[in-house]
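Quick heads-up: structures coming right below.
There are two complexes below, and they share chain A, which is joined by chain B in the first and by chain C in the second.
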Partner chain A sequence: MEIKKAAVAGTLESSDCMVTVEPGEGEITLDLDSAVIRQYGKQIRKVIGETLKRLDVTSAKVTVVDKGALDCTIKARVECAVYRSADVRDGLPWGGVIV
Partner chain B sequence: MNPNLKRLRRSMMFLNCQKPSLIKDPYVYKPDSIMLDLEDAVAEKEKDAARYSLFHALREIDYRGVERVVRINGLDTDLWREDIRCSVAGGCDAIRIPKTETPEDVRRVEEAVEAAEEEFHVEKGRTLIMAALESARGVMNAFDICKASPRLFGIALSGGDYTKDLQTTISGTGVELMGARQHMIIAARAAGVQCFDTVYTNLNDMEGFRRDVETIHMMGFDGKSIINPRQIPIVHEIFTPKPKDIIFAEKVVREIDTKKAQGIGVFTVDGKMIDIAFYDGAKRTLALARASGVYKGDL
Partner chain C sequence: MKNAVGREIPEEILKATGKEPFQGNNYKNGVPFRRQGPLIRPVMDNEHSKLVKDIHEALVKCHAHSGMTVSFHHHFREGDLIVCMVMKEIQKMGLKNITLAATSLGKAHDDLVPMIEDGTITRIEASGVRGKIGRAISEGKLKGLAIMRSHGGRVRSLVTGETKVDIAFIGAPTSDDYGNLRGIGGKTNCGVLSYSHVDGDCAEYVVAITDCLVPFPNFPAHISMTKVDYVCVVDAIGIPEKIATGAAKPTTDQRKLMMAEYCTQVVVNTPYFKDGFSYQTGVGGASIASTISLTRIMKERGIKMGFGVGGLTKPMCDLLDMGMVRVLLDTQAFDLDTVSNVINPAHHRITAGAYANPFNKGAFVNRLDYVILASLEVDVHFNCNVVVGSDGVITGAQGGHPDTAQGAKCTIVICPLLQGRIPAICSEVTTVTTPGESVDIVVTDYGVAVNPNRHDLLEALQKADCVPLKTIEELRDIAYSIVGEPEPVQFGDRIVGIIEARDGTIMDVVRQVKDPDPE
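Coming up: the complex of A and B.
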């Protein structure tokens, strides 16, 4: 999936995260800010990376500000930002690449 | 038949799908059901975001036996069909239809649910439906709505919109809701489905809340919609049979079984006249007590 324009999903409330995706330059770059980065930074990066891979995003600038989100919330916010950037709102592949 | 059609639903707690902090662990409060809201609580520009959160919560969070109902957006929007696809794919237990006015509304949702079950390989008939009645027209059509689908397990009054439609307001006394409550419980019982009361929104008046729950319990409702975990213990206390009621119900069932075999139709239990008409009520008390976890007997 191509990141055509900048899109944001999520909030800075507790248990949430804010994900911004922007068009990249041929690769994925990830800027992660989290209060629990020392304990969970590796896991958060893994979840973001796997989600982008499932969505076939290969070029994007991704910024994530985490406020203690569960893995399922991180996935939900990344997917939402990516689909918003593509202006796709209906007929989503639930249980397919969204899993 | 889906075994969950008649499950215990004393407390049905609304949770906003827009807020991850609300939907991550509501099971700790032990409601019987949660209603994951995609409708009124979710801001218009966050409708899509709420769906992703809902889907992953349904798939990945262990709600420990708490029933997961999803309130979809109204049938007058372009959102409800995707809400159903997302909810059924996630594996929700039931769909709550807002602003239900006619049996056709239920059948439209039933068709969409069936299509989603097929698309996502969910067992056919697994996803139940409940209908919220929020207008005078909806309340007047209550019986036909109750009979509209074999998936429909119950109807719920939504007092805010209903009182607006009546051109009155919520007073806290329940006077403005009396007619709808009475009509809906009669319709639900006639159709053999469950009936649930509206929310009580004043969290600073727990005594008023208790009186409200006592009233609808006396009227025959199966449970109440709630908006805060603090309301759960009061609902469960009022809806769970008391030890003296359980003991009396056991005596009634045993005595009716015994006397029936002896050819005796009318007799007394603890000084009260009893006949076969008391049998089903006593059995219901024991079933409710068992489902509530306070009865381990064999009747």
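Coming up: the complex of A and C.
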């Protein structure tokens, strides 16, 4: 999927995260700030990477500010930001790449 | 060398501190020691005045010098102005290498960080450290070691002479010109001066600082003129609204209410719940809710409490007013209702030593039936951590946690399974402050675990069928299934602090934090 414009999903509330995606330059760059980076930094990077891969995003600038969100929340926020950035609003692939 | 809670205590630290590794709760039971006393400068001249015009004059008269140890109490909590007032004068005088031996340090003391950076303060001894100082220590800015010890452990360290206080500064809500100090009255009322008694007994010089000078004699004195060298009057010793808050509103958080209900069920279904039982609890929402629901059952069954002790709150004072507890023993007033309740003749002030010192001939904590505590983390060995955050940064205080946990017959720790993404029930706590040997029951929102060493309590709760019982490993597994298993926090090599056990042995060490590896 192509990131056409900047889009945001999520909040800065506790146990949530705010995900911003912007058009990239041929690769994925991730800027991660997390309240639990010492304990869960690797896991959060892994979830973000897997989600982008599943959505077939290969070029994006991703910024995540995490306030201790669970993996399911991080995944949902990344998916939402990507679809918003691609202007997809209808016919979301529930049960498909959105697992 | 590994200590009794399985923590590696490096040789270099044992050597540098002259301490032993922790060997179990009763290692020093009955081992005699000689009590140490200060040098006293007698006052016989009836023309002698103890009044000094400012902190500077007090410091000069007390022969303040580089390398000395100064002490303070934390009864003014987040409203304390004394520590920074005195330390700024010490910094201005150019004194270095000061050991700051406070009963506790917190947000009110963020201004000390530059004094740590410039070498004015090079060692800290306290129950714990919150706020910016905790972070500064964890980042390795303090040149020497930070020693975290419990309230009882601090009294022990002064009476054994391990900590030699050169000058004790006692902030007093009221004082007369001869140094009779009271914790109640004045502009900056904190109710009690419990933590400072030992400083009055053991420091070489004792300076009272007050913002309310009253006519002689200020009586009955909580700390006597017989122990005070100088009296200094200043504009303000504290910010009253930050000392004690209004009573906490009963919580409406369903999770906390559920834990409170579990806790109450645990108390009323264990064998110590009978007329005359003794009890201590904390200030958290669940603890307060539990005291309230416990009161209801006490009334139903006609059971009264013998004594309530510790840092006190309004629900405990309500018990006294209702005639549901025979006496309250107060070491710290957490809210304004408690401060004003001190006038009740059955509400007694006690010293931190009488409360919790492991090295006297028996402290009140030894006579506790129940204590209800909180914890940042509890591990599958029932070890608790109340000082170091799960990210490795010093952020809390031992307080009376290890003292009461060892003393009480039934120690209950209330702890939500998860704090945000952080699992509070885990495989290994970041730092051990209270050994699992002291902890009997852990209450979480996902169930209650009983320490396998306490068959008696487990049987009683199984028979009562009153709470969902789990093993501590099951609770940890539930936590990890929700949030994932945390990676161990990466630390640097340098040891920045030690967690001292009640008896002065080393429970654990705290290492400098390292920035997580960027990927």
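As a working rule, the second predicted complex is superposed on the first by the 99 of 99 C-alpha atoms of A that agree within 3 Å, B and C clash if a C-alpha of one lies under 4 Å from a C-alpha of the other, contacts with A are read in each partner's own complex, and residues count from 1 in each chain.
Definition applied: a residue touches a chain if its C-beta (ideal position, glycine included) is under 8 Å from a C-beta of that chain, and two chains touch if they have at least 3 such contacts.
Not measured: the values here are computed from a predicted model.
**Student:** After the match on chain A, would you call chain B and chain C a fit or a clash?
**Tutor:** Aligned through their shared chain, the two binders fit side by side on chain A.
**Student:** Contact-wise, after the overlay, does A:Ile98 reach chain B, chain C, both or neither (first, second, both, neither)?
**Tutor:** In the superposed model, A:Ile98 contacts chain B only, not chain C.
**Student:** Give one of first, second, both or neither to describe whether A:Asp71 is in contact with chain B, with chain C, with both, or with none.
**Tutor:** both
**Student:** Draw lines from the C-alpha centre of chain A to the C-alpha centres of chain B and chain C: what angle do they form, to the nearest 10°?
**Tutor:** So the angle at the centre of chain A is 80 degrees.
**Student:** Touch test for A:Arg84: chain B only (first), chain C only (second), both, or neither?
**Tutor:** first
**Student:** Could you figure out whether chain B or chain C reaches more residues of chain A?
**Tutor:** B
**Student:** Quick check on the superposed pair: does A:Glu13 touch chain B, chain C, both, or neither? Answer first, second, both or neither.
**Tutor:** first
**Student:** Taking the superposition on A as described, I'd like to know which of chain B and chain C A:Arg38 touches: first, second, both or neither.
**Tutor:** Second partner only, chain C.
**Student:** In Å, how small is the closest CA gap from chain B to chain C once the two complexes are overlaid?
**Tutor:** Result, nearest C-alpha distance in the overlay: 5 Å.
**Student:** Shared contact residues on chain A, chain B side and chain C side combined as an intersection?
**Tutor:** On chain A, the overlap between the chain B and chain C contacts is residues 14-15, 69-71.
**Student:** Could you list, by residue number, the parts of chain A that touch chain C in their complex?
**Tutor:** 14-15, 35-43, 45, 67-71
**Student:** If you look only at chain A, which of its residues touch chain B in the complex?
**Tutor:** That would be residues 9-10, 13-16, 69-73, 75-77, 79-80, 83-84, 89-92, 94-95, 98-99 of chain A.
**Student:** Quick check: in the complex, which residue numbers of chain C touch chain A?
**Tutor:** Residues of chain C touching chain A: 390-392, 420-422, 482-484, 486-487, 489-490, 516, 519.
**Student:** For chain B, which residues are in contact with chain A within the complex?
**Tutor:** 19-21, 24, 48-49, 51-53, 55-57, 59-61, 81-82, 85-86, 89-90, 120
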